[in-house]
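Across the two complexes that follow, chain A remains constant while its partner is chain B and subsequently chain C.
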Partner chain A sequence: MDLLLYGLDLLVFIGIFGILAISLNLEFGFSGLANFGKVAFFLIGAYTYALLSQIGLPFYLCLISGALVAAIFGLLISLPALRLRADYLAIVVLAFGEILRLIVKSEAWLAGGDWGLSVSPAISITGVSPRVDLLVNIALVFSCLLICFVVAQLLSNSPYGRVIRAIREDEVAAEALGKNRARYKVQIFMLGSAMAGVAGGLYAQYLQAIVPMLFLPIITFTIWIMVLVGGPANNWGVLVGAALVEVFERGANIAKDYIALPIDPSNLQYILFGVLILLVLFYRPQGLFKEIPIKTRALEAVRHAREQIKGEGG
Partner chain B sequence: MPEEELLKIEELSKHFGGVYAVSGVSLDVRKGGIWGLVGPNGSGKSTLFNTILGLYRPDGGCIYFNGRKINNLSSHQIYGLGIVNSFQVPRLFFQMSVMDNMLVAARGHQGDGLFNSLFLRGGWQSQERELIDRALEFIELVELGKMVFALAGELSGGQRKLLELARGLMAKPRLLLLDEPAAGVNPVVGKKIFQKLQTLSKNGTTFFVVEHRLEILFNFASWVYVMDRGKMVTQGQPEKIVDDPAFYQAYLGAE
Partner chain C sequence: MDVNWAQVLFNSAITGSLYLLGAVGLTLTYGLSSFPNFAHAEFITLGAFLGYTIGTQLGLGLPIALVVTFFTAGLVGLLCYRGIFQPLAKRGATIIHLMVASIALSFILRYSMGAIWSWKPYYFASSWAAFDVGPLRVTGLWLWLIAIAVGLAIVMHLGLVKTRMGKAIRATSSNPDLALASGININKVILITWFVGAGLAAVAGIFRGADTQIWPLTGWDIILPIFAVTILGGIGNFYGAIASAFIIGLAENFGVVGLMALGLSTSYRLGISFVILIITLIVKPQGLAMFFRRA
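The block that comes next holds the complex of A and B.
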């Protein structure tokens, strides 16, 4: 086997899950929304992409539609759910993800049922080696990741980012300071869902086939591990988290082909994930990377000026 | 000169189960100056404030601000009208810096919107600069100048109270409700706070203050309301209130 192919495949997965981690970070890390139904919006993006590509839409329209449909579902579920307390929100969206998976599983006329759907790749160039094919995928996935990352960075370092962090810290106080918390939460929920939708589309076209089994709740928890380990409210941190978890997860699959272990590495990895989460929560609850304070040009100028005065005085 | 009526409360009631925290309270706050609200613990002062703010729905009665009924508005809408509050137990954004706590409170920051924050980044930067200057002024006022970029969670109890107050002022309120601004801060600073409030009250902000430190409050307030067990028992100028038997009865209990 070509080890390089494993590496390139790993990069695609890091890219896709990087987008998911960025989107959950916007929701949970910055705004405090416990979205335990992340996989639902991933699924929506994937199935929208698959269905639209089957009727012949070009890949970019499929991706954008996946994002829009996921955002609309995000709006629909967030309107009632965001009125609930955080823990109830978590239960509602968790259930939503499972219901959605069971619907696509049972309704064969809509989405192929258990057999799933086959998807044509976004960009197919005939007669090239798998390596080139993977590189094309990597370029596509990382372009999308870059856009999501830049959006998340711009938002978190703006007055808007300040408001959503304030809502995370104390939503009643934020509301008393004139911030319409429901509006902010719905916006963030829609934006996060749209990003997850893009990730779903990329996933579908990369695998070229999707089945309901791919969208088990474990996907949601994997994304949560990435955010918690990497560092909530730190966009760089959650990317590192996504990379670590994917190396771990894909690595276990590769290891299976090369080393004979008394237990299946795929099962062992879930135990190790559990240990990892406990260790992080006990010894480094802020994650590997701490939250970065809001940076705007005006704030940085003042901070800089103050440090200079302090420097001269001391 | 007739004083303009700012806040008018008529027969307001709020109960929790069978407990009438506020029952049939009426009062007026006119424009300008410092208005006091005193009464023993549990007399309903904080409940009254929270009801004005829209955090509790009243069970009876009416609240008017500038002649407009505000009973059923949500608290961000009430903020929009110019009523701002500083909580009794500071509710700061603890994982955010002192400066960011202040800037959240700023009114009408253009970058607060999703679209503007992403696509009009040039637009709000200069406004942010001005807001930072104003925030620094208030931060200096409450003597937190050395803590501008410290996390609010790192402040001491007294400093938290001061930041809570400064954050309220940052919003340029027309009516600022202050729940015990001098509690837990040292007496000198406590007095300084009231002196500053008095200066600010000449620039169009009206203060309605709950305070247990009567010796400070009575020096600065122009009118004082006294509550006991959910009811308004007496009111008047502070120099007259101190001679009012109802005031003593509220604090010392019936003989």
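The block that comes next holds the complex of A and C.
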């Protein structure tokens, strides 16, 4: 086994899941939206990419279309549930993911059924070694990750970001201040879905073949672990979370071949994932990296003035 | 296409009975603890495995399997609530945290069952003699299922209306604070609800397993209709759940006839529940609750 190749492959996965973690962080971390069907939008991105690349569209158009289609589905599916409590959205989106997998499984004429679709790589340079090929992929994935990260970072620290955090903390109060909560939620949900769509496209072109079995609910759950472990509402944190979870998965895969366990390691891995989530929820719900408090010039001035008054009073 | 409509109606009753047993626990715990327990699907799966082990592997037959499974799975449900959801709620977990915890629990249970019983599907050994009643093809298993569902509906109705515990459950479900102030031990009420709900889900699991296959996804395979029943019936509403279970049973069985007529894959029967779920949320998010008193 070529160790370097293995490491580079791991990097690609960290990049793709980093995008997914960033997008879930926008939805759950900053806006308090429980997207339990992240995998649905990942699937939409992947299948859109695959179908469009088969008719010969250049890869960047495939990626952008994947993002657009995912965003439109995000809009359609979230509209009935967004004005209701968080649990309705969770149920609807989770169900949507299951139905979507059913559709791509059943409609063989469109999506290849159980056999899936084959996808050509985004950038193929003839006659180069697999290492260079991987490096090209890493460059592509990490440029997309960088864009998503910068967008998420700028958005969450803008006035817009403060509104969505306010909605997360107290919907009614935010609404009373004249913020249309449903509109903000729909926008965030569409943006998050678009990012997941891009991640799906990158995944499809990297694997060069997609099948419905790749899009099980466990994917959604894995992304949730990344966000919860890394730290909701902290974009750096969820990137660390994504890297940790991917490394753990690889480590478990390697350990499988060397350690004899009384129970099947593939079962054990998911049991441990579940236990890990419960431990995080019980003992460190803020994750490894806490949310950074909002800082604005006006807020600083108020804090400063408050301290001065306190000082004079004492 | 020649369709035996009487059979379709009868199948709807079977499907409805199964979904009623499966959904009753979910809707009641959802109403009382105010979060959807996604691990409810695993109680169904657990029932299927326990029923298989007791009924077929140990050869003790269906009645004993039903009783033992009900109590064992009930205990598991109660422990899940006591060990995970109650302490989390006490620590001030949000509804999203509780939902995530239920998904985590669902994975722990599912893969533990995968480790214990393996992912290879099992099938119940006992084949039920089928006999014809007029135009209907009936098996003993289906009669058991319908009898248990109807029995459950009657017992639960009498229990909720006549007994002190039932009144306490209704009071807690409609206003926990007021119930607590009236001296009702709401903690006990919630624990009993989790016990009974998980036990009934497991009973549903035995029938589902006997009808299809027994593997770690037996429960997850029907989580969609179970949630559709819960939402359509109105969260926490027992009578709504009865009505919506049979509505969805009818919709699925007549829908399958329609799917076949249209030449579509019958695996889309799951999609019917999804459509009902979405329509409910758009038209009337409270579901059928307005037609029934809260229970």
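Brief remarks on what is shown
Assume the second predicted complex is superposed on the first by the 283 of 314 C-alpha atoms of A that agree within 3 Å, B and C clash if a C-alpha of one lies under 4 Å from a C-alpha of the other, contacts with A are read in each partner's own complex, and residues count from 1 in each chain.
As a convention for this text, contacts are C-beta pairs under 8 Å (C-beta built on N, C-alpha and C of every residue); 3 or more make two chains touch, one makes a residue touch a chain.
Not measured: the values here are computed from a predicted model.
By the touch criterion stated above, A:Leu228 is placed in contact with chain C alone, chain B being left untouched. Of the two partner chains, chain B is the only one that A:Arg306 touches; chain C does not reach it. When the shared chain is aligned, no partner comes close enough to touch A:Leu288: not chain B, not chain C. In the superposition on chain A, A:Leu244 contacts neither chain B nor chain C. Of the two partner chains placed by the overlay, only chain B lies in contact with A:Ala298; chain C stays clear of it. After overlaying the two complexes on the shared chain, residue contacts for A:Leu207 are found with neither chain B nor chain C.
In the superposed pair of complexes, A:Leu68 makes contact with neither chain B nor chain C.
Interface residues of chain A, counted against chain C in their complex, comprise 28, 32, 34, 36, 80-81, 84-88, 90-92, 94-96, 98-99, 102, 105-106, 218, 221, 224, 228, 263-264, 267-271, 273-275, 277-278, 281-282, 285. Interface residues of chain C facing chain A in the complex, by the touch rule stated above, are 35-36, 38, 84, 87-88, 91, 93-97, 99-101, 103-108, 110-112, 114-115, 223-224, 227, 231, 264-265, 267-268, 270-271, 273-274, 277-278, 281-282, 285.
On the chain A side of its complex with chain B, the touching residues are 151, 154-155, 158-163, 165-166, 168-170, 172-181, 187, 191, 291, 293-294, 296-299, 301-303, 306. Interface residues of chain B, counted against chain A in their complex, comprise 53, 55, 74-76, 79-80, 84-85, 87, 91-97, 99-101, 103-105, 107, 109-114, 116-118, 121, 124-126, 128-129, 132, 136, 148-149, 167, 171.
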